[in-house]
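Encoded as structure tokens, the structure appears first; notes follow it.
Going by the order they are written in, the chains are A, B, C and D; count residues from 1 in each one.
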Amino acid sequence: MPEQETMKVQNENYAQELTYALENSNFISDVGIKCKDFGPGWCESTLQIQEKHLQHTNIVHAGVLATMLDNTAGAAAFTLLPAGVSPITIEFKLNLLRPATGEIIECKSQVLKAGSKFTVVESEAFCFIGTEKKLVSKATVTIVGVS
Amino acid sequence: MPEQETMKVQNENYAQELTYALENSNFISDVGIKCKDFGPGWCESTLQIQEKHLQHTNIVHAGVLATMLDNTAGAAAFTLLPAGVSPITIEFKLNLLRPATGEIIECKSQVLKAGSKFTVVESEAFCFIGTEKKLVSKATVTIVGVS
Amino acid sequence: MPEQETMKVQNENYAQELTYALENSNFISDVGIKCKDFGPGWCESTLQIQEKHLQHTNIVHAGVLATMLDNTAGAAAFTLLPAGVSPITIEFKLNLLRPATGEIIECKSQVLKAGSKFTVVESEAFCFIGTEKKLVSKATVTIVGVS
Amino acid sequence: MPEQETMKVQNENYAQELTYALENSNFISDVGIKCKDFGPGWCESTLQIQEKHLQHTNIVHAGVLATMLDNTAGAAAFTLLPAGVSPITIEFKLNLLRPATGEIIECKSQVLKAGSKFTVVESEAFCFIGTEKKLVSKATVTIVGVS
């Protein structure tokens, strides 16, 4: 669905700058979300599920998923922004499809539309139930660039 | 907007059970969100902003707000559910209206519709910029009850 | 909730221009939505429910509500934009709280935040069940200005 | 993404019943949306763009897209519901990615999760700009079954 022609890199130093931004986000470090890989228009992250991520019913709190889905979307948007422009999320919506459990959450974000006014990113979070990789949550994130 | 006739308490022990649930949610304790008060169809919570809540641009991470808006909404929904039924968020959408900064975030959630099939809650998060209380984020949360 | 200081009119001809835009929107005329009143940061509209608005279960189709909630939001945003700038909806989310039935739908939209990058508007749709005015749907609409 | 194991047909007469429902929805007929094809967990529809679908800026009104995205999602959900159960949309969110113009809009809806409590469907709308098929809008729709 994403259009390849819009997935053009405008900032040749985006990789270094994104790595720096991701490593200097306190809340992301505190929660334990790690960037796995990224490229033009996409980013992947992972989270080792710990006791502290759970809610009282012993599944991962929706806030953990929201944090991961939004942050990975911002990173995907970052890869396509001009130099000196930062992504700011202005809204997002997520559906929680099934309980997030197990040992790890994997998140993949993909830019759906990159424009001069706003960027739209889709993020998906997966867990492993037995040997099966299951979609546990999906978000749509709208981002504007600010200089 | 909320209709008073739907704001009927069905579980006479809801206050104790909600207090227990809120105190036993690991992620909420870890982030530092505290319940301030609640009643039939509503809940208020507060968060002392700490270094760990920030993103690299020094404003509170959207994930912190999402966690607070969703969790407080779930608590508001809880107050109106029958005994033995737990609220599960199935989706939420939030708009980020201005940067969350300062010392404290206050959140207020109000049930908009309580039904047998689903409950819809609105949550608002406020910060204090100088002496002014400003709406920084607003969410709509859809919840189903599971037994 | 909306902040009064942001509800400043920037285009002194907004009333005439908005009236013109509303009267020249084919789909709005075709559906039958009429503007009732507007002012800085808000707009109200009405719709006489007709057979053609129904779905097979004899309630008003969600698409009718979406059209009304979005269009009235755009009009509310218009009142606060600079001259020569048009509102474009980039996303909206609506909850359907109860069936829309009866003779009339009333819609009220209120700007929640007007900014240089984007405007956020809330829209509510009401029906009359007996003598009671009931909220049947509520939307949050994000709009950008384009020149 | 959708899980094949959840795409099980429960109502062996779903095709006839869905066809009947689609042909008896006044608003859908009035707007001119036609069902193209459907199967377990999905539905496709088309719309010939007419003058009456436009807003004052001569692009298709967002309300037309919302109607199409929601209605096609409801049809996709219908294919997986038990006999005697109807899909009711409780909320949806759509992003408008680019102006809808040209001669035709094509919509494809796919169930993302079918559950006993709720169904989540994704809908995409496409236009043809020159020879290129472009995604103009995407929605996420949450549906509950009512008997």
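Quick note on the criterion: contacts are C-beta pairs under 8 Å (C-beta built on N, C-alpha and C of every residue); 3 or more make two chains touch, one makes a residue touch a chain.
The structure displayed is predicted, hence computed values, not measured ones.
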| item | value |
| --- | --- |
| Most distant chain from chain D, judged by the mean position of its C-alpha atoms | B |
| Length of the line joining the C-alpha centres of chain A and chain D, rounded to whole Å | 27 |
| Whole-Å gap between the CA centroids of chain A and chain C | 32 |
| Distance from chain D to chain C - Cα centre to Cα centre, in angstrom | 23 |
| Chain A residues counted as touching two or more neighbouring chains | 90-91, 93, 95, 120, 140, 142 |
| Chain contact graph, described as a line, ring, star, complete graph or other shape | complete |
| Touching residues (chain side chain B, partner chain A) in the complex | 20-22, 24-28, 30-31, 51-57, 60-64, 66-68, 70-71, 86, 88-96 |
| For the chain D and chain A complex, residues of the former touching the latter | 1, 3, 93, 95, 97-98, 112-113, 120, 124, 134-135, 138, 140, 142 |
| Residue numbers on chain A that touch chain C, as the complex places them | 90-91, 93, 117-118, 120, 140, 142, 144, 146 |
